[in-house]
Amino acid sequence: MIKAGIIGATGYAGGELVRLLLGHKEVEIRWFGSRSYIDKKYAEVYQNMFELVDATCMDDNIEELAKQVDVIFTATPQGYLASVLTEDILKQTKVIDLSADYRIKDVATYEEWYKIEHKSPQFIEEAVYGLCEINRDKVNADTRLIANPGCYTTCSILTAYPLVKEGLIDPSTLIIDAKSGTSGAGRGAKVNNLYCEVNENMKAYGVATHRHTPEIEEQLGYAAGKEITVTFTPHLAPMNRGILATEYASLVKKEDGSYPTEEEIRAVYKKYYDKEKFVRVLDAGVCPETKWVEGSNYVDVNFAVDKRNGRVIMMGALDNIVKGAAGQAVQNMNLMFGFKESEGLELVPMFP
Amino acid sequence: MIKAGIIGATGYAGGELVRLLLGHKEVEIRWFGSRSYIDKKYAEVYQNMFELVDATCMDDNIEELAKQVDVIFTATPQGYLASVLTEDILKQTKVIDLSADYRIKDVATYEEWYKIEHKSPQFIEEAVYGLCEINRDKVNADTRLIANPGCYTTCSILTAYPLVKEGLIDPSTLIIDAKSGTSGAGRGAKVNNLYCEVNENMKAYGVATHRHTPEIEEQLGYAAGKEITVTFTPHLAPMNRGILATEYASLVKKEDGSYPTEEEIRAVYKKYYDKEKFVRVLDAGVCPETKWVEGSNYVDVNFAVDKRNGRVIMMGALDNIVKGAAGQAVQNMNLMFGFKESEGLELVPMFP
Amino acid sequence: MIKAGIIGATGYAGGELVRLLLGHKEVEIRWFGSRSYIDKKYAEVYQNMFELVDATCMDDNIEELAKQVDVIFTATPQGYLASVLTEDILKQTKVIDLSADYRIKDVATYEEWYKIEHKSPQFIEEAVYGLCEINRDKVNADTRLIANPGCYTTCSILTAYPLVKEGLIDPSTLIIDAKSGTSGAGRGAKVNNLYCEVNENMKAYGVATHRHTPEIEEQLGYAAGKEITVTFTPHLAPMNRGILATEYASLVKKEDGSYPTEEEIRAVYKKYYDKEKFVRVLDAGVCPETKWVEGSNYVDVNFAVDKRNGRVIMMGALDNIVKGAAGQAVQNMNLMFGFKESEGLELVPMFP
Amino acid sequence: MIKAGIIGATGYAGGELVRLLLGHKEVEIRWFGSRSYIDKKYAEVYQNMFELVDATCMDDNIEELAKQVDVIFTATPQGYLASVLTEDILKQTKVIDLSADYRIKDVATYEEWYKIEHKSPQFIEEAVYGLCEINRDKVNADTRLIANPGCYTTCSILTAYPLVKEGLIDPSTLIIDAKSGTSGAGRGAKVNNLYCEVNENMKAYGVATHRHTPEIEEQLGYAAGKEITVTFTPHLAPMNRGILATEYASLVKKEDGSYPTEEEIRAVYKKYYDKEKFVRVLDAGVCPETKWVEGSNYVDVNFAVDKRNGRVIMMGALDNIVKGAAGQAVQNMNLMFGFKESEGLELVPMFP
């Protein structure tokens, strides 16, 4: 039984961490950090936790927390962890950061897209990008700091990864059109996120400027073996949870001048994901739907080929606050502490 | 490890039974019965079960099924079980019926409200009304047949039960205004249940004629120690899951002519529910919300007093396909087989 | 062509006033007042008005405004108008107040329920409660100040009015269970009104304490010819628009000891509403649905009798920001200026 | 005052035609055709029309209807009109077809994508593709048969048209990712369209095979001056109304090797749409949202440039049953009969 602390426990990702860790056999939550609700009962902030969590919200004293727990989850705004993390903390505890602070290896890129100065670039190199299905070999007992991937990025990368890695598509043609539920916008009180503004509405936002873009490019660039530039467009959809990524790319012709067949493409997906518990390659002709993964750690992927123009349309669906945030964080924790990778995550998707 | 069969596995309650039983340590599902989808892969009907359920839908041969499993769940239309149940079946297996066939002890009442002839009234007497919090002492290894309560009734009864039982309210004044998510209407293809008809809409239906009325009256009548008549109005709400019951009744004055105080009322709720894991009496001033119990087996209850006219407003919220159907069925199964009552049901409500 | 000014033009009721007045032949909007958005283009606050409204938001200088326009609509927080209204203003222009400031004739009652001091009680007597179907004879060219009814109250009163007025029900037994869309909560940035908090959720709020209670009691008290006390419970529903009121009361027995028949009850509804354009008494057996009045000024009403206990269940549905706010305000304006009562309000409900 | 008949009046597009025509000064509806509801009161099928429409549903006898009315709207399944249309009918009345029967000039293409035989190809040549903003000069008093454009196609075409027409983008790179509300799926009772299946869900469907693809290609091909092939992916979104199209294409470099600037692109949009009442080119940086056009005949368009890879992201939003169906049909009727083009269509979008 290890002890965990959460900084930012009252945001949606923080709340989901609590939900998942309550069902985890090897972890006890010892610290519910929330700058906004200090001294308030956690179950008053999230009434679903009534009689399940008795604790009171604490401040975000990470130095003190580091002494008390084996792992700290930071579900905090960009820049927070970078501004407080120290070698001392990392010597005492492991840190899994759900913010973007250590996801991007190039500080200049981070500062350009996030418009903030990085306060502790010395830890970027060490941080492991915790996309378990791809970086599993780097997440282990020696790992001190995890940069937990973003929700859009997890979905976007896993959907295209096998085809990029195996060179079946030209990554310079990659276009990602992603639709997200509103929990991704957080629990802050903003007019834009009011029920009446989101309900019965669809819109794009952050077009050509969204901050998950360089993260996708960096990771898919590793797969491609070269730098790539993608077009990424996020959309806000009237639902609580879920991301659906529809991705478009031109297939690369084989040596004989023909395009890869559907069977060949499917074989590549199977090669990478057949043994992955949390990535499900759906049967031919079945499109991923966000509802089918709701509440679970699954990513459902599939594709179709537009034969008339040699494009492949790839599709991926996940629950943005499970596999796109808290679930993946727990998966990383499991790997770091040698627990069964799926411990606490064997959640059957809820339908309807 | 016991073996279970489900008849009606492809309705919403049947699907939820599958979700819950997949997470239950002591049960293995051996039969996914579905008249509509015979020979189709179950996971093609409910894609959330992809890679989790490999089985194919079977017909609803209950006699054959009785030989193969320890318990049969029937999540079937009214009248089905009554038309096929035999002594032979009950000698071989236990049956938990999610339909209304054996809920009402008086056959004439059943036939009047349901407009169908009861084909096996000889089993009504034996059937136990499986509202665990109230009838727990009757649900045990000897129980062969459970009449699993309806969704509206579970919520309506548990919300008012302590005050009726202890005589704090006049049951003849009881008015129940219930709001349900649309999964309660089932998965049948009907125009009324189309997205565009339900979304952005609220309506009452079955006013003064809904079939859950006599079930509520019978059970609360037992608590009151006399026959009672209530007014029950169900409403359809634009959400997938959840029932909220708002119940109104006149408080009975105490001997000194005063009304019971809020503290006295609260003490009565606590008396009945303090040790109940699945009934949560919320803190004073906190109104139950369906979202706080979504996906879980909890019922949240609370009340307020309208001092100006001596009425109490009682409120209860549950997930209609968990505590209102499949969750309660599993709870009954646990009691019948001597498992921990909460096994497979320790689900943290999902928010948002 | 008269000139109108709106103070509070950027709330939801204010926005709806703009929508309605843009389609009104006799009115030109000259002032879009909004304390929060001064100097911002109105169409940037409500992009649906792009190319339809060219104006910029103004401050809320009501004295200046009174000189420029024939009628002022105040869609402002409680207490605002009471704190700025003067005889001078009323001499220059008509005022239609969508807040509660002049709805309640008894100042003490207002101050008790609203928890604010009333700053201009001298105008309360003069203010006309603008529920057109009931007070039409008091809304005319001489009227200077209209207290435009609340959304819940309009729905609650019109649903029960004929039966109270004609003595068919005992008003002391009246219980109102109302369900409202979220636009009723306004456009303020509050966590409680975020999409993820409201969506897939139902809850009661303000139980036994909601401020529309005394307004309902006062108006229905006039109809009953005596003071009455009702139980009123509002609920928040996951939809943008619409209020559904389900109301319960005991029927009063006739001299022969029998209850009024359905035909007799229907005849009373017809007596009051047959000539009312905006109140539709639905056919027997048809329950009002909020979707059927969406975007329009209609109120749909109907009832059912629970013969087993002598209760009538009355139901009413309206669009909370049309007939429950802006539409009714325009209806009052039409009466005050001698326009056709339905001018600008002949909107066909939108479905789906 | 002309007389109109609607065949298919009880589908969602048919219902919207009724809503719009009730507010049209020059038209009287004389025939509410509905094969499914013959002899039923129209207002019982659409209760929003209670007291607004007194008529009873008629069968779909188009020959008889042609004698009685000046214009027939067919909001019918594919193949219906093609199977019944005759020269005789066209000699007596004008026909505006909301199905796809006459939209595609090449019969073979129609039959390939729609999988049905075309029964009256002789009228295809004559039929005018009624996308008013582009084909206005062909819609006039002489026009007998209008092929009213599809919902996805109207949105997809108008969003990209100026850039294709002026050669600013390479049409062979065009990718259209469209998200539609569920009313587009019609009012048929199908499991896939049930509330609980659509709500809280996003999915693509008809990937690389949707039947609006050839219609988009044909029309944009005319603009491009050559045959083009696009990738079109429709998605189902949990909302009643609205289509949002997000479209991607590579910009064509100018002679000096640079890409067109944002100003140059905007100027092209303005050139085509500045005088179009129903197409609104939003201000720079503002993304179209479906809610801002709900209930109206507007199309909101805008774009952003991804400078890093020379792509333009075009966005368009409309209400699928107004501008995407019934509104456009009325707009065509107005042009055919010489009414003001916007008569009956000056609807302010409803928000929220």
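Letters A, B, C and D mark the chains in the order given here, with residues in each chain numbered from 1 onward.
Just so we're on the same page, contacts are C-beta pairs under 8 Å (C-beta built on N, C-alpha and C of every residue); 3 or more make two chains touch, one makes a residue touch a chain.
These numbers come from a predicted model, not from an experiment.
Peer 1: More C-beta contacts across A-D or across C-D?
Peer 2: A-D
Peer 1: Could you please state the distance in Å, as a whole number, between where the Cα atoms of subunit B are centred and where those of subunit D are centred?
Peer 2: The answer is 46 Å.
Peer 1: Centroid of subunit C to centroid of subunit D, CA atoms only: how many Å?
Peer 2: 37
Peer 1: With centres defined as the mean C-alpha position, give me the subunit A-subunit D separation in Å.
Peer 2: Subunit A and subunit D have C-alpha centres separated by 38 Å.
Peer 1: Do you know which subunit A residues sit against two or more other chains?
Peer 2: 12, 183, 196-197, 199-200, 238-241, 289, 291, 294, 352, in rising order.
Peer 1: Line, ring, star, complete or other: which describes how these chains touch one another?
Peer 2: Basically all the chains touch each other, so complete.
Peer 1: Which stretch or stretches of subunit C touch subunit A in the complex?
Peer 2: Residues of subunit C touching subunit A: 12, 182-183, 187, 189-191, 193-200, 238-240.
Peer 1: Residues of subunit A touching subunit D in their complex?
Peer 2: That would be residues 172, 175, 177, 179, 181, 196-197, 199-205, 207-208, 229-231, 233, 235, 237-242, 244, 246, 248, 287-291, 294, 304-309, 311, 313, 315, 317, 352 of subunit A.
Peer 1: Of all residues in subunit C, which touch subunit D in the complex?
Peer 2: 12, 15, 19, 22-23, 44, 46-52, 183, 200, 240-241, 280, 282-283, 286, 289, 291-296, 300, 346, 348-352
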